[in-house]
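Chains: A, B, C, D, E and F, in written order; residue numbering restarts at 1 for each.
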């Protein structure tokens, strides 16, 4: 018989997911996303420029930045701005978030502009990178929606919905959506990003305590898929695409 | 006849002030402070160490750090952690906040520990440094209160209440608690920090557009005093000192 | 009866003020300013460019930088260039000096050029920021005068004289122009910048040891005013404006 | 019918793998690893200290650093030491290499010492991170072997062999061990790290051009497994464990 | 009678010198240079741009960068990229290498392009800066030769051959081409760079243990000259100028 | 017939050399050194600590730092502290100054303390590094003298006098003590450091425009020697060793 989870959830149960849109007065799109006690403020800023490598190609760019307030965690972490550099962890996460969001965006439809998705963790209880993808995705959609309303873009530029969740093997059991105490004691830890159609965008699995088998991997992927299905359903309650999903490929 | 203010307030009227305590799960003290559209998350972290210059003196230390989320403002500002340094403005503000808070703390009563007051601006509409002082003060009191409850300190270590507000001359009129559009067009801009007993802790006045007279200065100080009186009243609704104000000096 | 000052001055007496112009072979304007043992080398460099935010506006810019030689002080401080960053104190001071100088300059009269006022402290005995403003102001006037002689500017671009001094409450007494030992033990410490016509440009007062009353503030302001009057008189011995003060506002 | 690969290999064929041990005169272990045109110099340095978080626990630490010579690539990249910081990509890779190596090391058996595995890319043609893991693993074993010969450690501290390879979907086909032109045009790109017993240590899969299905994932994992089996076979030709694999868990 | 050298060489004998051209797949010129156990990888990258100070002058530029792999030395040195800055030693060496190479290049003949000569030390046993000059010179010639073959430059742009060697006084004896143990115990240490015609390009002599006389200096210079003659002979086996040496000055 | 020098000096004539001791109120030793228009402020700070590599060896350390005020030169240079790093030139110079001063100091006689010699260039007209050595040497002697008077050291720790000068070939003529316009147009440029007894401590010669012959080298060395003899004579007018020169080696 398996051990109970610290918050009493079933192994295949998500934490309470809450997304509050419009929490920032200035941003073109914003969402406060909460997955249990994890709380991330996502804001999207649109700028009429593209990075040098995209100059004069008629395409746009989506990028992400990630930060954590010093006391988002049990113990205070020193402020990255004061130390004068971002940690490897921060850079790894913001690269993952940006790459994931770009995987569903059709760059030729957004014009020569850059969307910067800032994901700032106000409180961390595990799963901040997946929460950032979930909140950042909705905030990005809200920004695109505003650009369409303003007539700045004419075709909906997002090819599919996108959701992310963490899964892991804890005390021998595959579990969905780990909180911090579970995450820090997990034997295996995996972050999964999938589209609304059920295809994979990112899989990052790490054996923290012991190597994992193909069978364990398959259980984790299947748990992750069920979690992401629920997350995307919740996203749709905040924001529905203005048109049905096309079958166009992302770079069409 | 004077010009109406952008938000219709009287010249001597504060913006809506709201302080929400306990907004962070981990911090020893936390407050979300809102002055109009300005929103600052203040968390206090207690660490059992002191900076080298206080080693073995039986005293503690209070320090502050300040940050602004990239999209706290109308236009996105680049992230200080990504640029690899804090701006002069950031450093100036966090020095002011720390100095102001220390002015009412009795270091010999807090033991050899350091309190770091992090003030992170989620949304900025003028007055972020004074909001940081107001929210940071209450969060600090909550942290001290928790230390007393835990028996780690025995005498209440805060000598007086503390409040801060901005004032300025805008279109020829002295005005209280400037919002961003007022602040950026002010002829003179001043930040005032005062104690509950009505003494000054900091005065920083700058002639942005034209030098100001002693008479203008006196009006501004008097406006500021009335504003701070109201702010301290609001603080007391969140937190009252556990004992009446002593007449001890700060370093007693 | 009040305590004597460390150097025997009256409470309302300035230290010996000396300004030596032309101390640098290359700079468009230069002054070595001494206030007692404090010694600051001020040089002004004119460059035919403006910062990006002033591009194509027909206006110029004045900015200041501040530095302290490692052994300007009792104990050696590590070199900022070697540490790889300027301290918060340095940045705060150079922002103050630049802002003060700009308050009396009419940008439309100086053309699209930038004046950089470098204030380097060779020896520090309190009051380095006010000495920097006093010396920097005269050095800036010398540079403008050279630009006028060269026909590069046609109207005198400085709206008024400018002086600065520190004042403070030490051992209960308001005192003018604090030296280092007074400054480090002051209950209250204030820097005042005023124009030749007696209006305030900057007031920065800090309660170091205990909060100060309105009455103390008024004494300090009045002491400061008398000191600045003498300082501006001394400046005029080095440099007189080529034309009487206009009543034009700075941005005319 | 599928497209031929740029170098004519079959889709399930590794590039020529070559490992040359003992290429550095000073390092406790060293290997020059070549996978096709990719060439990485791996050196292992043993130091008699542990990081602060392991102090007095009787355990050791393994960490990795990664670098790329400026002209390891088609176009010269600027030198990270000259730019003053490591890119996010560099940090991500060195975190992956360190984590992978640690997954098979039994820290209690290596004493209070740190092994730093430096992986410097002399020439890059895709797969530098997996080559770093393969070469770094053998170099680490050589260093441990030297420590055993010197009597500094008494039990063989590596729980299993370790190999890594990249796989990807290119022009619709799953392929093993991508070279640079394949990697940069891949629809999906995945790095896999496995133990000698066939369990997973890391899986990092990214949809570069389009999301991938579970079926594609399974093909990639199976290709990766076959590649890693060959790689570990090649490692054993360079270095065999001094004793048969134990069934002890890593942290026994 | 003088002490034997650690490797048994005569005092006027070079270490084994080996230059392997073409060791990098991408660089326009590359050489692996070995002087005894010292091993430096030199690659030359050609870019179609010049630094700002040469803009629109019809001239090109040659510059050098130097780095040392962390375990190139007996003890591991921390990685400069990780520390975030290059040491003074690194900067001094790369300035010397660049200056030496430029001394024989005719900038008007190379067009508006920049050659960056990267010298990365794989293994260090004394004399890395002179090895860098020797290998960098040949790699540069190979790159120029490729540019001529491609018709991008029309006249051979190198005015003379160039060689470098270290000499020193060790245990009272002048010795040629010091290895590390000799170098670290030398009384005097000198690096000499000369042209094929026997003129000096750089002399850097340092009294490490005791000041040296003119007579010692003359012996060292003469030893150096004989060593450089041999080195240039070895270079010519790798690369001969496509035309006899002109008598044109470098800037003709 | 040779060209006249810009300031009318003979080719073997030094510029006016002036050394003013005691120019800093706090430093243990200080000298303002002027060589023509070049002006360097040298201060020596004594600290009761040694760098880690000298721990518990009963020896002391002498180190130097070099800086240039932004407007020490014809055109303003940006401030190193603001840019966040020291240039390669700065580091090269301060390494030379420190090494030169250490060459005449007997470390076992100065106790476990560090002397930091700060050389800050107030005005530059060529030869700032040699002026720094000349002024730094005298300032260092003044500091040692003060330590002896205080009884902190008992034996005079400086083995010999030390002087430095630049020489160069300009318009075909060897010249002594180059000013800036000569230096920037020199065919060959050399810095020489010698002891009072006439032995060499450093020789750094660079062919700026064309390689130089042994004959030219000999003329330059001989010019340098005559200049340094005069400089050391001038130093002795400021400071004479308290005891005749010993014949002890530096490390006795």
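Just so we're on the same page, a contact is a pair of C-beta atoms (placed from the backbone, for glycine too) under 8 Å apart; a residue touches a chain by one contact, two chains touch by 3 or more.
Owing to the predicted nature of the structure, the values given are computational and were not obtained by experimental measurement.
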item: Third chains touching both chain F and chain A; value: none
item: Fraction-based call for chain D against chain A, same above half, different below; value: same
item: Most distant chain from chain F by Cα centroid; value: A
item: Option reproducing the contacts of B-C, where over half of them reappear, out of A-B, A-D or C-F; value: A-D
item: Inter-copy rotation, chain B to chain E, in degrees (Cα atoms; steps of 5); value: 180
item: Chain centre separation (chain D, chain E; CA means) in Å; value: 34
item: Length of the line joining the C-alpha centres of chain A and chain C, rounded to whole Å; value: 51
item: Junction residues of chain E - those touching two or more other chains; value: 84-85
item: Successive chains around the closed ring, taking chain B as origin and chain C next; value: B, C, F, E, D, A
item: Chain C residues touching chain B - in the complex, by the definition given at the top; value: 85, 88-89, 91-92, 94-95, 99, 103, 160, 190, 194-195, 197, 199-207, 209-214, 217, 221, 249-251
item: Contacting residues of chain C [partner chain F, same complex]; value: 24-27, 30, 37, 41, 43, 45, 47, 65, 67, 69-74, 76, 79-82, 84-86, 90, 116, 118, 120, 122-123, 125
